[in-house]
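Letters A, B, C, D, E and F mark the chains in the order given here, with residues in each chain numbered from 1 onward.
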Amino acid sequence: MSTPKRTLIIIDQAPYGSFEGREALDMAFSLAAFDQTVSILFSGPGVNWLRKGQLAADIHQKSVEKNLAAAPIFGVQALLANAADCELFNLTQDNLLEQVELVKLTPELTGQFNHITFAG
Amino acid sequence: MAPIHTLHILNKTPGHQRHEACLAALGPQDALVLIENGVLALAKGLDTDVACYALMPDASARGIEDPASEVTMVSFDDMVALTSAAENVISW
Amino acid sequence: MTDAQSELTGTPAHAGVFTLVITGAPYSSQAPQTALDFARAALKAGKQIDRVFLYGDGVHLASALLAPPSDEANLARAWADLLTEHQIPGVACIASALRRGLVDESEQKRYQLPASNLVAPFEIAGLGEWVASTASDSRVLYFHKGA
Amino acid sequence: MSTPKRTLIIIDQAPYGSFEGREALDMAFSLAAFDQTVSILFSGPGVNWLRKGQLAADIHQKSVEKNLAAAPIFGVQALLANAADCELFNLTQDNLLEQVELVKLTPELTGQFNHITFAG
Amino acid sequence: MTDAQSELTGTPAHAGVFTLVITGAPYSSQAPQTALDFARAALKAGKQIDRVFLYGDGVHLASALLAPPSDEANLARAWADLLTEHQIPGVACIASALRRGLVDESEQKRYQLPASNLVAPFEIAGLGEWVASTASDSRVLYFHKGA
Amino acid sequence: MAPIHTLHILNKTPGHQRHEACLAALGPQDALVLIENGVLALAKGLDTDVACYALMPDASARGIEDPASEVTMVSFDDMVALTSAAENVISW
């Protein structure tokens, strides 16, 4: 009777200015650690989490770039990014983290998941 | 009532990027429930093809009495029924 | 209203068990009040709530030290009462809580802090509690801050 | 040497969903209580504070409609509202609180003040 | 950088005294850290800070119970140290504080709460403190939450 | 440096309504300082006639290294000087 959850966590806030995105990543890594199926979608200003070369120590924070690069190893199924928002913020193959799959936020995409939550 | 694939619960004000993203992500078998500041979409005017509901207490708190006829005003009891019935729920 | 309600409640319910996740802080956001009204309506309709999970700024809802003006609801107290009455576990995420200054007696000792401020019956625990709900048949509903 | 402050408090968040607007009103009334010069500008979704007939008790909050109506008596110099935003949210003479002056947020307007702050 | 700096500091300064108003909460927002870096730079440049006023969610910065991970800054501690070192008054607005569960010993007694959680040298006081700064020659700067 | 009438300090992300309202409210004698998530305007591209500064630590934290030449990267020391020199300051 139990339908396994396929979780999508959507991060649509820019990095470092607020904490919701970081805590949403913790949620994704927790699910993965417990062998649950989870993908992360970056959309809106959230795509800026995926830019190479973030020197977060300059504002006394930790960069999540390494964590994100290791997401597949930790068991996160996919790192998705809204293609139009990447274009808006000039994220191209040159400065976008590897392993990111460009998508469009449509009913077809969200229909692949049965548990969807936003960062805060 | 037709089966609901995804019920979208929207609490962001019109103009907020997540409000606009929600309206753009509605599928043909989906339904929309406006709550909290989301009900201000009724003041601004809402143009969508899916079934649309608005939480009555939030609307009346904001002085919105007489929404467009395509929108059904609902209570918390109704909202529980809607969230139970839908295949999926997204809180925007 | 009555038309809409009868039409809606006539539909067979898919979800009988809810998990409520609250990420918006009391007063700063409407989320804890909306979730409370939703929870009361769900319980009245015979639904179960297996767990209330506080995450991010939502952990402030478990503070024993809220002292709003006497003509405003004390949301921490109202939530604590509902959880106690219906024996629903209430969990504040430990990582969110420690960063935001919400601690129980055990964390107070561990970090040598001058006080603790968690209101019963809320408990402090890890994200595993949330994962357990998502892995179950429960319908997980989120109450985020508005804007 | 001291230049008296002419304060403008701008509220651009919708009512009730968050607390910043309410706390910004407290700031304005505090200044007025201490005989300081203060005006309030409602802009963006913040104009919805000015709609007649708010039944905030339905969501267990207090309406600020009466406080706003009494603002001039309390010593608030002017209640301003961004005209374009009023139009966007269908606020007209019929449903807009009295004593509201419709303006446009321009350098000319802000230039009349030397201490400007937003709600949160 | 150096070009910009020499050009800027060559300008006669209008404002010698600052009041800093912080409305964003630590961790939830970058505001307390930005304000801290600004304050250090201002003091280094010989500016005075007559008062730091915490309002809205900013009052959480005065919590004695923050326990962030050991590799993250404790912003309440960092701010408390700066205020003490430079003898700058730090004030949390009482109305904002009571609603958000931040209380000193006096409010603890008055509202019969189980604990207090204000970190010294922060004090709890009314909006009059902020009005006093606005009525003075001080330049009042606001550090709001981002988004 | 020309005298600054109003210094606008902008910490909201492009697309946020207060970000857009700020850009629309700039007067000819004003200056703009981008801080926190406001620096993402540099990634998106910024079109304004007023003097524009961006806080270096916030830009480098977000991986933004090489902004358009019309923008001057500044330190917190510079930001103190700018806020001191301006007639008025608005934090958006």
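Note that contacts are C-beta pairs under 8 Å (C-beta built on N, C-alpha and C of every residue); 3 or more make two chains touch, one makes a residue touch a chain.
Note that this is a predicted model, so its numbers are computed, not measured.
K.L.:
What is the graph distance from chain D to chain F, where chains are linked when they touch?
P.N.:
Contact-graph shortest path, chain D to chain F, evaluates to 1.
K.L.:
If you tally the C-beta contacts, which comes out ahead, A-B or A-F?
P.N.:
A-F
K.L.:
Farthest chain from chain E, going by the mean of C-alpha atoms per chain?
P.N.:
Relative to chain E, the chain whose C-alpha centre sits farthest away is B.
K.L.:
Quick one: chain C and chain F, Cα centre-to-centre, how many Å?
P.N.:
Between these chains, centre-to-centre, one finds 39 Å.
K.L.:
Could you state the distance in Å from the CA-based centre of chain C to that of chain D?
P.N.:
Chain centres of chain C and chain D, defined by C-alpha means, are spaced 33 Å apart.
K.L.:
Multi-chain contacts in chain A: which residues touch at least two other chains?
P.N.:
Correct list: 13-14, 16-17, 19, 44-45, 59, 61, 115, 117-118.
K.L.:
Return the residues of chain E touching two or more other chains; collapse runs of consecutive numbers into ranges.
P.N.:
Touching at least two other chains: 27-28, 30, 34, 56-57, 72, 99, 142, 144-147.
K.L.:
Residues of chain B that contact two or more other chains, please.
P.N.:
11, 13, 15-18, 36-37, 56-57, 87, 91-92
K.L.:
Let me know each pair of chains that touch one another.
P.N.:
Applying the touch criterion to every chain pair yields A-B, A-C, A-E, A-F, B-C, B-D, B-F, C-D, C-E, D-E, D-F, E-F.
K.L.:
Which residues, counting only chain E, touch chain F once they are in their complex?
P.N.:
Residues in contact with chain F: 1, 4-5, 7-16, 18, 30-31, 34, 37-38, 40-42, 44-45, 47, 139, 141-144, 146-147.
K.L.:
Residues of chain E touching chain C in their complex?
P.N.:
25-28, 56-57, 60, 63-69, 72, 76, 98-103, 107-108, 111, 113-117, 147
K.L.:
Give every residue of chain A touching chain C within the complex, in rising order.
P.N.:
1-5, 7, 19-20, 23, 26-27, 30-31, 34, 36, 115, 117-118, 120
K.L.:
Along chain F, where are the residues that touch chain B in the complex?
P.N.:
15-17
K.L.:
Would you mind writing out the residues of chain F in touch with chain D in their complex?
P.N.:
So the residues of chain F in touch with chain D come to 5-6, 17-18, 21, 24-28, 30, 87-88, 90-92.
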